[in-house]
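Pasting a structure below so you can have a look.
Chain lettering (A, B and C) follows the sequence in which the chains are written, and residue indices restart at 1 in each chain.
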Amino acid sequence: MSLSTLTKPWEAMSYGFLDGSAKRELRRKMLKSVAVPGCQMPYASREVPMARGWGTGGLQVSLTLVNPQTRVKVIDQGADDSVNAASIRRFIARVAGTPTTMDTLDADLIQSRHRIPEEILREDQVLVLQVPNPEPLRPVQPNTSIARQMHADADYGRMWLQLYEQIVRSGRVMQGASYPSLVHGRHVMTPSPIPRWDVPKLHMAKHLTILSAGREKRIFAVPPYTRVEPLVFSDVPYKVEEHGALTCTRSGTTGFFMNEIPQDDGSSAFEVSDSEWGVKTIRARDGEGESRGETWYKDGEMPQ
Amino acid sequence: MTLTLDAPRIVETRPLLEVHGVSKAYGPVQAVRNVSAHAYPGEVLGIVGESGSGKSTLLRMMNLEEIPEDGSYTLDLPDVSGNLFELDRFARRMLCATKIGIVYQNPHLGLLMKHSSSGNVAERLLVAGERSFATLRAAATEALDASEFPLDRLDAPPIELSGGMQQRVQLAKAIALEPALLLLDEPTTGLDVSVQALVLDTLKRLQQDRHITMVIVSHDLGVIRTLADRVMVMRRGEVVETGLADQIFQDPQHPYTQQLVHAKL
Amino acid sequence: MTVLDIQGLTKGFSLHHLAKDIPAFEDISFRVAAGEFVLLKGANGAGKSTLLRTLYRSYLPLSGEIRFHSSHGLIDLARAADVDVAHLRRTEIGFVTQFLTARPRVSAEAIVAEPLRLAGWEPEAALDAARKALATFGVKPDLWAAYPTTFSGGEQQKVNLARALILPQKLLMLDEPTASLDANARAALVARLQELKDQGTAMIGVFHHPDDVMHLIDRVVDLTPDAAPQEERDDVAL
């Protein structure tokens, strides 16, 4: 036995950029977060060649989960072709040799910033969400130590107080993105800044969702088939954005979450936020074949 | 010397609140030394003493904010048993939220100053698990009304309110869940005399209408005289004298109590 | 039937800051039966009011016994627990003073109804009884809902009497209740006292002008030191 048989030959970089111990820690923390759905697990959060706050949390999870066969899709606010999404996708492919795709149905792993694709994800798919602020209690309890005690005690009264205040002041719940939700009836989490439209997609979803905040060094998860319930008053129902009746000006698709494009005359045009869904719709319209999968929303409504 | 009093013979109910032999030191300062106190259901116990006498520390113990080194604390209520100082954090929080109300001298301690007044009251019910907006709204309105808070200011944040109004919000919050025990820490200190009278009157009314057991701490003898049935005099962390309120004020026994009573204008 | 049996009662005050003991009365003994009216007599400072307050336990006696035959059995008020005394004050022992302790923003009828409320009466029934009592003492109906803090001394005293006498008690202490009363109110007071007396209330009173209650008095106790402890009513020299 010699040193050369015990060690691997020198390489310029580990597979998937992160070193073995970093990935081992992340795997353990992911397992823990799957075991206690919605509960934030601290992790070390290594340096990656990207600024904190640009998706480093999601990137570390993706780099840990991929193998050379994993087909990776990266989206930023629904779009596959934004600079940030393209850069992350290229980086993962370069350091892990993974194939990439833009098609939601083809992907094994989807890293996303602020959206969940409109097509239903399957059991064999993993969604990785980038999280800027993982602590739902921060607006009501700035002291992190006390906030952790509150999670431990399921002391969430203040979260409803926040909603109460919004209704009293504005006549309705004003919380848009990051709508606090109760996971598995126990922990309140922030589902990352996805719109209200996307929160119901997490409820009893077939896929695994891992949420990771690189700057804040926290990881949490929604395992497959887990209850995710937005916090609401029993007599004030949860409402998603009123996008159900909007039509995309480019693809003509209706009943999905839209981006609003202000026009010169002061009016607004709408474009479907899930860019690949738009592309697929256009292809179908132009006779290039139907590639669209089943969607969570049907005719602009989320079936119960 | 006067006579030693017997144990109660006519009143057979147990005291609602019993604190026995509590002591607490902050570093070298002995804030409370071997103090015992009790209050019967519907009774108002007044605790007087100068600053540093340990009266506020004792009250904070009754609210389980402060855990003494020694001693026991019991409340004679259904589903409540044992020494409350031994409860874990979770049980303590639920007990305080549902059975005990408190009004602090400093409204900042008891209120979220930038939330709405009604929201401050509703929070108590939220902690206890109420999740209907309409119920929260109705209960907050009712409690604020009972505290004689002007209902057109229901959603004004306490930071915009006068001191007297802030105390009413605290009071409404304290009584919203109909607690068995209401703790008052210098509830009128720092208020104008006329506002003070109104707050005292509200307290008196609540006591008569709801028969809540109260413990009120004050260095203001006028406040204690107006509200208390029985008075406990504290000095340097110890109880020097207890008695019926009129007896303490008209026939104080201990030199310190005499000094205190005679110093009153 | 004896209601109160006072044995060797002594009271004095220790003023610690003057390092002085001030005696009030010493070794007082007498009994009061149900329906009996006892007048306390004595020079100023003989301790008449002090004795009443000691019996009511506003003052703590130095020694002796105050044996009260309560509906719960015999109890020594000199040694009874505070909570027992408080209970008896709500239910069996009354005290009529010269002054009303009015509270801001509490109406006359509410003040009068208070003892009934504390004794467990329903709010409406208590208010009805309170209004009747106020009428008996000659308080005009338009004042019933007003705040007595603004009343004249005489009107305040009427409210005070209505309140103190509304609930029939087993034992009633009267500390110069006729002071500042007009003739009509005085007559109403005497009538009410007679009524309570007939119902069996034992009374101990201090009066500046006992003429008002002359025909109620059964016995006189003279607190002047060295005076005969009990005199028959006929011997009173007025």
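Worth a mention:
Keep this in mind: a residue touches a chain if its C-beta (ideal position, glycine included) is under 8 Å from a C-beta of that chain, and two chains touch if they have at least 3 such contacts.
Small disclaimer: the values here were computed from a predicted structure and weren't measured.
Centroid analysis (C-alpha atoms only) places A farthest from chain B. Chains B-C form the pair joined by the most contacting C-beta pairs.
Chain B has the Cα centre that lies closest to the mean of all protein Cα atoms in view. In this assembly, the C-alpha centroid of chain B lies 32 Å from the C-alpha centroid of chain C. One inter-chain figure worth recording: chain A and chain B are separated by 49 Å, centre to centre, where each centre is the mean of the chain's CA atoms. We define each chain's centre as the mean of its Cα atoms; on that basis chain A and chain C are separated by 79 Å.
Contacts from chain C toward chain B in the complex involve residues 13-17, 53, 57-63, 70, 72, 75-76, 78-88, 103-106, 114, 117-118. If you check the complex, the residues on chain B that touch chain C are 1-11, 40, 43, 197-198, 201, 204, 208, 226, 229-230, 242-244, 246-247, 250-251, 253-255, 258-259, 262. Interface of chain A with chain B (complex): residues 149, 153, 155, 157-158, 160-161, 164-165, 167-169, 233-236. Residues of chain B that touch chain A in their complex: 89-90, 93, 112, 115-116, 118-119, 122-123, 126-127, 131-134, 136, 155.
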